[in-house]
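Paired with chain B in one complex and with chain C in the other, chain A is shared by the two complexes that follow.
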Partner chain A sequence: MNRVVWIRTAVVVGFILLLELLCRYGVIGRMTMIPPSEMATHLWRLLQSGRANADIAETLSNVAVAFASAVVGGFVIGSILHSVPRLRRAVDPFLATYYAIPFFAFYPLLVVIFGLNAAPIILIGFLFGVVAMIINTMNGLDRIPRVLIKTARVNGLGPVRTAWLIKLPSAAPQLFTGIKLAIAYSFIGVIAAEFIMSTSGLGYSIAFAFNNFDNRTMYALMLFIITLVTIVNAFFHVWERRIMARRGR
Partner chain B sequence: MRQFIDSLIFAAVLVGLWQGLHWFAGDIAIASPGVTAERAWQMVGTASFWAHFRETFSALGYALAIAVLGGMTIGLLLGLHRLSGEVAEPILVSLYSLPKITLYPLILLIFGLGMSAKVAFGAIHGIIPIAIFTMGAVKTIAPVYFKTARVLQLTRRQLVTTVVIPAAIPELVSGLRVGFSLTLLGVLIGEMFASQRGLGYLVMNAIGTLDVPTMMAVVLMLALVAVAISATLLYLDRRLHHRAA
Partner chain C sequence: MAASVVEMSAPRNRGVIRESQGSAASAEIHAEMTGIKRIYPATGGGPGVHALGPVDLKLARGEFYSVVGPSGCGKSTLLDVLAGLSAPTEGHILFEGREVAGKVPPGVGVVFQEDAAFPWLTVEDNIAFGLRRAGTDAAEVERRVAYAIGFMGLKDFRKAYPSQLSGGMRQRVCIARTLVMQPRLILLDEPFGALDAQTRLLMGDELLKLWRETGATVMLITHALDEAAMLSDRIGVMSARPGRLIADIRTDWPRDRDSRIAAEESFGQITSQLWRLLRDESVKAAGMAGAKG
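Right after this comes the complex of A and B.
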């Protein structure tokens, strides 16, 4: 561990301690926020009692489906657009302004179409993540050095082996960016959709606890989501670093 | 020109797809493009629509102002001080990818229902990407600029106003574009949950009464306004980057 990591850890721990003190000494009222230590103990109890298990499993499986379909769909659509330049130029302005559209406004519409079940939630997560993957796939494919494609041709590699041995590794950094964004966006999409309107899941449970003034459950679940998302992101970050380090050699 | 026509064709295909979905799913689920446009036109003529519209866009304006000022300040400070930048960057990135909707109850508890909660929620969506972009912009400024500034014996303040900000402007506009989209999203999510005014509320209210044309008309208008603003920023962005290159 180097100095930067130490300082960063100290900053984060210091911030949590500060919150704890502010809550303990009543600067932040109990009705607003409970101390982080209480959030943690209550979360521990909640997990042990198993009351939240169904909601956790549901949210995680929704996120998983949304994420997987966003990555696969984004990769396929991105590759197709990359190979048809004319179509790509036509679609480009739409992709560039896509994230300006406030998606969650579509969510009630999707509920009307599909009913109040997992389908519209997954679809929102997918719609949110897929375009990041499309854009990054195209960027990645753009950056494959010409000379490597020529080398492949000289060595008589077929299209499949060229894709596997040359194109995929060359595009990997951008693909990774796309994957990281897709995972973050599918979490955001799924949890926000559950929060706004649904009958189960973590987002719903937080909204339910809020409406019932059950601050302890609410903060315990918030802590759970924040910790989980941070761990997942950190995992991808480390994995990406490893791949980049191997390539640097 | 050909590209423009191709884009128009693509837009026409999207509208066609929408009409097709309408035929497939029926009036209860999806209003046809024609009906939606008609309803949108009708709503534009009413005063109550403009009241909701003003509510949403003034919340967006305040939130964006806070996000831009805050984000740029944080980004500049972190970008100019190398160690704090290295310490803060991963923290900012992980904050960026958090589902901030989970923090909405906290904001409601602090600010209460109403305008200030929406503004705060929009601002926390926008501030982080703007800070990240600003920091990146400052860090990628060519070192020769800083050397020149030192040779000219510029003060810290002169350095920021005459060298750092002008050099970082193209990236700042990119950050502003991302920040704008996310801030709007934040404000709308805020309105969709526990709110009595604004376009987000209008959408939620329309689903409560199963008024699909109104819902779609609001969404359509929101999308058009958002795309228009974002396209303007994108145009600016590309021109600035082009000039800088």
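Right after this comes the complex of A and C.
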């Protein structure tokens, strides 16, 4: 481990220890927060009992569907906009201001249209992630050096093989950024939507525990989400570093 | 050794280009361009850009031909059109007797000035790229790649990625990638433009070695007069935009030559002849650029 990793680990461990001490010695009251060690032990019990399994499975499947459709949809829409410059110029202002829209305000409308089921939740996750993917797909395609496309033509590649063998790997770093953002936004969108207006899922369970002063369950589930998102991000981080290392970045 | 110069037409009447004794007319014609013009269509209501021509050019099989000309005169357009990467607005191109119609014909290899090495592939995989796409047998791919790697001095870098190589080494990878396809016509668009002077001289030697070994016809686009004078059998001089061939210079170098000919007296003569022909055109091109900017 290098020095930076040590410092980073020390900061996280130090922060957890500080929280532990502040909670244990009553500086932070139990109604506000329970000690991190208690969050971990309660999470362990919760996972062992299997009480949270259905909610975890539901949230993860919602995130998976929202993420996959944001990546695929974002890639397809981004590719179309890249190949039709006039259309791209027309929608550019919408894309630029997209994240200023408070999507959750439209949640009741989505429930009216789709009903009180997983669809509005997945849709919010998708809407959160898709534009990040569109923008990064266009960036990636914009940055493909023209000389690589010429090289493809010299090698007799048609449009499909050029897209698969040249454009896709060439745009990979930007596509990867889009994928990383899409997973983060899908998590945020799905869990926040479950939190506000749902009858199941991790977001709902946290809101339910909060409303019932069940701090142990609330913090245990929050710890679970943080751990899960950290693992997913670490996985993408390692994958990205492997790709970039080859390119000397 | 004396170079022969044929000025192809009077500057006021460059529309008519005559091939004459200095041309490739007597040898077997490998590639031929007739009446080539390239006019880029107007955008945003402005007039179209007449980038090239009319150009008539014959390349003899196995000759090393270079094109020099002022910046922006259409040299790269000429190469793109001959390669089939860009269709001419007017005129015909024949390669080995067949019409080139907006598609790169088999047997033509192109090396560009820009870094065209695929950053996601190792040196070895970069060089094998075209062969694998063409469905060449794996053993043959390995044999040809090993030869090209040895020929271009890349043995210690076969597993390296382009980002780990210098600009000169990356250009060698691109030349090797062209070499393995065993092209009969190699087109080079200022391949050493981004390299320092010493590396350029050494790469020039490598190019001459490659030309001798493959027996391919070579057309080199360059803005470096010394590079053209050192490498070529014949040099075409282009006018300012719209680019037309205004002179044809034969160097009469022996086939077995290298960068040491730069010390010969006639090398200086050829270079000064080129500059005499190009000076007015370069001034014109610079003036056009100034007016444009």
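Rule of thumb we're sticking to: the second predicted complex is superposed on the first by the 248 of 249 C-alpha atoms of A that agree within 3 Å, B and C clash if a C-alpha of one lies under 4 Å from a C-alpha of the other, contacts with A are read in each partner's own complex, and residues count from 1 in each chain.
Simple rule for what comes next: a contact is a pair of C-beta atoms (placed from the backbone, for glycine too) under 8 Å apart; a residue touches a chain by one contact, two chains touch by 3 or more.
Keep in mind that what you see is a predicted model, and the values were worked out from it rather than measured.
K.L.:
Just to be sure I read the superposition right, which of the two partners does A:L148 touch: chain B = first, chain C = second, or both, or neither?
P.N.:
In the superposition, A:L148 touches chain C alone.
K.L.:
Please indicate which partner A:I225 is in contact with in the superposed arrangement: first for chain B, second for chain C, both, or neither.
P.N.:
first
K.L.:
After the superposition on A, what does A:R246 contact: first (chain B), second (chain C), both or neither?
P.N.:
Touch partner of A:R246: chain C, not chain B.
K.L.:
Of chain B and chain C, which one contacts the greater number of residues in chain A?
P.N.:
So, of the two partners, B touches more residues of chain A.
K.L.:
Identify the partner contact of A:I188: answer first if only chain B is touched, second if only chain C is, both if each is, neither if none is.
P.N.:
Only chain B; A:I188 stays clear of chain C.
K.L.:
Could you look at A:P169 and tell me whether it touches chain B, chain C, both or neither (first, second, both, neither)?
P.N.:
After superposition on chain A, A:P169 lies in contact with chain C alone.
K.L.:
Who does A:F94 touch here: chain B (first), chain C (second), both, or neither?
P.N.:
Only chain B; A:F94 stays clear of chain C.
K.L.:
Looking at the overlay, does A:G156 come into contact with chain B only (first), chain C only (second), both, or neither?
P.N.:
second
K.L.:
Touching residues of chain B toward chain A in the complex: what are they?
P.N.:
Within the complex, chain B contacts chain A at residues 3, 6-7, 9-11, 25, 28-30, 83, 86-88, 90-91, 93-94, 96-106, 108-110, 177-178, 180-181, 184-185, 188-189, 192-193, 199-200, 203-204, 206-207, 210, 212, 215-216, 218-219, 222-223, 226-227, 229-231, 234.
K.L.:
For chain A, which residues are in contact with chain B within the complex?
P.N.:
Within the complex, chain A touches chain B at residues 4, 7-8, 11-12, 31-33, 86-87, 89-94, 96-97, 99-106, 108-109, 111-113, 180-181, 183-184, 187-188, 191-192, 195-197, 203, 206-207, 209-210, 218, 221-222, 225-226, 229-230, 233-234, 237.
K.L.:
In their complex, what parts of chain A are in touch with chain C?
P.N.:
It is residues 145-148, 150-151, 153-157, 161, 165-166, 169-170, 172, 243, 246-249 of chain A that touch chain C.
K.L.:
Of all residues in chain C, which touch chain A in the complex?
P.N.:
That would be residues 83, 85, 103-104, 106, 108-110, 112, 114-116, 118-120, 129-130, 133-134, 161, 163-164 of chain C.
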